[in-house]
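Each of the next two complexes has subunit A plus one other chain: subunit B in the first, subunit C in the second.
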Partner chain A sequence: MSLFAAAGAVFRREIRLFARRKSDWANPLMFFLIVCSLFPFAVGSEAERLRTIGIGVIFVGALLAAMLALPRLFDEDARDGSLELLLTSPEPLAGLILARVAALALALASALACVAPLFALFYALPAEVALTLAWAVLVAVPTLLLIGAIAAALLVSARGGAILTAVLVLPLAIPTLVFGAGAAQRVLYGESPLAELALQAAFLLLALALCPLAASAALKISTE
Partner chain B sequence: MKLHVQSLAAERSSRGVFAGLDFTAEAGTLLRITGANGAGKTTLLRVLAGLGAPADGQFTWSHDTALLTPAQAACFVGHSNAFNDALTVRENLDYVAALADQPRTDAVAALEALGVRALLNRRFGALSQGQKKRCSLARLLLRPSSAAAPQRRRAWLLDEPFVALDVDSQAVLAGLMTQELAAGGMVIYTSHQAVPIAAANAAEVAL
Partner chain C sequence: MARTEQQSTERYGGRWFWRYASPAAFFPLAGRIERLCWAVAAVLGVLGLYLGLFRAPVDAQQGEVYRVIFIHVPAAWMAMIIYLAMAFWSLLGLWLGTRLSFMMSRALAPTGALMTLIALWTGAFWGRPTWGTYWVWDAKLTSFLILFFLYVGYIALAEAFDDVRKGDRASALIALVGAINVPIIYFAAVWWNSLHQGPSVVKQGGPSIAPIMLWAMLTMTFAFWAWCIAAAMHRVRSVIIERERNAVWMKPVVRGQAERERT
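Presenting the complex of A and B:
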């Protein structure tokens, strides 16, 4: 039972920090907004052309915005020393990391998924496509954060870690990108997105099972 | 509670800092680690706390006949305070207690013992260095409140605990260490300050 108590404490702390520091969630959202609003200026404003690129732009924008939040997983804790508390807890580290990623994913994925349909309006996408897109973002962002936790753990307090994190993480996030954007594309062509969404969810489950273990191993290596 | 260290060697950034270290410590022992800057005092404490693997040799924490993991046996307070600036002192202490498997602890009593009861609901980032250190040291005193079952004491591993403390607070901390030892705890510390600590059973390990 005490793993649940400890993991619960990690989760609550993370949510509390999120609520207390506006920049934690405002920065990724602002970044997302800027990326999505720049493209129409660059490619022109014909509805047909925007519809073609819209899904891809919004999806990639959401993933990049989520990447921005990755350093906060462990870097701040490494600086103030509270990472030692995680590492010296008698509870399994993987469970505690999962709780922390879950809190970050809950806050960030829901925020990004809420605004994604609004941005779909910029790109003249129909409402059903916008909703599928929001759902796909809701699944893709936690997947990305789980994979990213491994890289963040490996590169904790490393100089220039942010770029290296992106290099390590984004290639591994390609499956969820392909299936997520593919699902919205299906809806755009009037087909059922279920197959793509199921594959995307399967990928999330795989990440859920493997990534916390890998991240805890990586964190032990990098802090020794 | 017993610590047994056998031909222990450790590295920092792939360079050996000490090797062939042997000592044992029993409950009630005050053990001071001495050595010049860079001798590996902090590294030794981190190894004993389970934060780093030894390069060679071994150490065991045990209680009666049961072996303990470092996480179960020791409570490490290092140079950094390990508190988050955006949270209040109480929120930080509750987090520490939950991670250390000691829910329902008495954070107020712990702060009271260090004379910083009034800082309970202050944001940690707004405190002075000395206040921060005192609040952070309250981690050592987190125990289940009286109703809960008594728990085994954990050995204190203190890395330069007197830094940033004023003379009065140093005396308070020394008093708390004496109390802990008398109650059957174990204290292993490093210090460059000559703060007198009353202990029936004191020893030194030179690196």
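Presenting the complex of A and C:
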């Protein structure tokens, strides 16, 4: 079995699981909806004020929601033993981890990116900002999941894993947050967002190249 | 015992410093370095503070308040250098599997976090009279805040495992991931700040620095170096005692400590 066949099998298994147990991606999505709805209660509902904070709130909300889905990557499989099978596979572990993250990213990032423009309208943002925001979320969530895979792999067997994952991962997500939210701000000011979007995509590519390797090293450390 | 010693001599070409990769050999050396560095830190610290607080002239633009830089700047340097040192020992530990490397890494982390906190705290006290605010979201300040989070994350992760070795290796990996990310985060912060037009700009250097100020600064920098090394050595000795407490060579050490405390 080649790496591509193995990674493809892992990917299809994950997608099937997401299709059959929708709470895995629907719960983070609900969390995102509720977080974004709370802010107007806290700061007031004037359109001008909402427009100022809207991009930031939606972006951070999406990252936090993605954060909550991270334990889904390895925890359950560690409990039922299928993680052992993944580890004993002759194929490179990094490729298999990449397949799992890709499946989670496909389910979660697309769901969040679909809902983000809706909230952009709730926050009185123009339609073109909403579209840029959706794209930026679509790029940012996989980046966060890739970085998060390292922490999730390290903390498979540790105490207080979920909260510690957030402490470790969120500071590292700042670049994608800066450039993603920055791109939408540019559009809000009537400027071109291409520079920010290109840099944000560059971070995704960098994470794509390095994070699976680090995550496979992490998984070996935590399960040895 | 003799055989392993011979093997290691062959393997590493008999270089003397490899000997100190063993906690048993390093423990007394760390003690000597610690005592030396405490002394250096005390002497240079007193001298540097005297030069900085009493001899250096008042700054033409900022008045007396500038004197906080004699604490602030060395602490900021140490905060960055210690993170690099931590990442270095982590890399060495993951690469060679040497136990002492992980111990060094873990011994450095609290000192680094403390230095970051001192840099942030003194910076805030300097910023209030100079900029008119305790905090601005400037790229430098923001990256230091993130550096503090990275230190805290490292320490929290290292403590999260019951198995010491697992905690060592896991936190070493995170230290390396952080080391790769620190420049990226700084770059992002600079970009972000230029977009948002921050309220103030940190000016480097100023017009020109009086020689006595420079001497005070240099003296304080070396005092901070010595203090940090001493603190790290003290902590690494504690870590060694904690982990090797059942080793044969540790018996006289622990007994000697107990006797000294009794008298």
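Everything that follows uses one rule, which is that the second predicted complex is superposed on the first by the 223 of 224 C-alpha atoms of A that agree within 3 Å, B and C clash if a C-alpha of one lies under 4 Å from a C-alpha of the other, contacts with A are read in each partner's own complex, and residues count from 1 in each chain.
Methods note: contacts are C-beta pairs under 8 Å (C-beta built on N, C-alpha and C of every residue); 3 or more make two chains touch, one makes a residue touch a chain.
In this text, all values refer to a predicted model and were calculated from it rather than measured experimentally.
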Superposed partners subunit B and subunit C on subunit A - clash or fit: fit
Subunit C, subunit A and subunit B - angle at the middle CA centre, rounded to the nearest 10 degrees: 90
Touched partner set for A:87, first subunit B, second subunit C, both or neither: first
Contacts of A:217 with subunit B and subunit C, given as first, second, both or neither: second
Which superposed partner A:158 touches (first subunit B, second subunit C, both, neither): second
Partner chain(s) touched by A:182 [first = subunit B, second = subunit C, both, neither]: second
Subunit B versus subunit C as contact partner of A:168, first or second or both or neither: second
Contacts of A:75 with subunit B and subunit C, given as first, second, both or neither: neither
First, second, both or neither for A:96, with subunit B first and subunit C second: first
Overlay on shared chain A, then closest C-alpha pair between subunit B and subunit C (Å): 6
Interface residues of subunit A shared between complexes with subunit B and subunit C: 224
Touching residues (chain side subunit C, partner subunit A) in the complex: 146, 149-150, 152-153, 156-157, 160-162, 166, 169-170, 173-174, 176-178, 180-181, 184-185, 187-189, 191-192, 195
Touching residues (chain side subunit B, partner subunit A) in the complex: 49-53, 69-72, 74, 76, 78-87, 91, 94-96, 98-101, 103
Interface residues, subunit A side, partner subunit C - complex: 147, 150-151, 154-155, 157-161, 164, 167-168, 171-172, 174-175, 178-179, 182, 185, 199, 203, 210, 214, 217-218, 221-222, 224
Interfacial residue positions of subunit A with respect to subunit B in the complex: 2, 5-6, 8-10, 13, 16-17, 20-21, 76-77, 79-82, 84-91, 96, 223-224
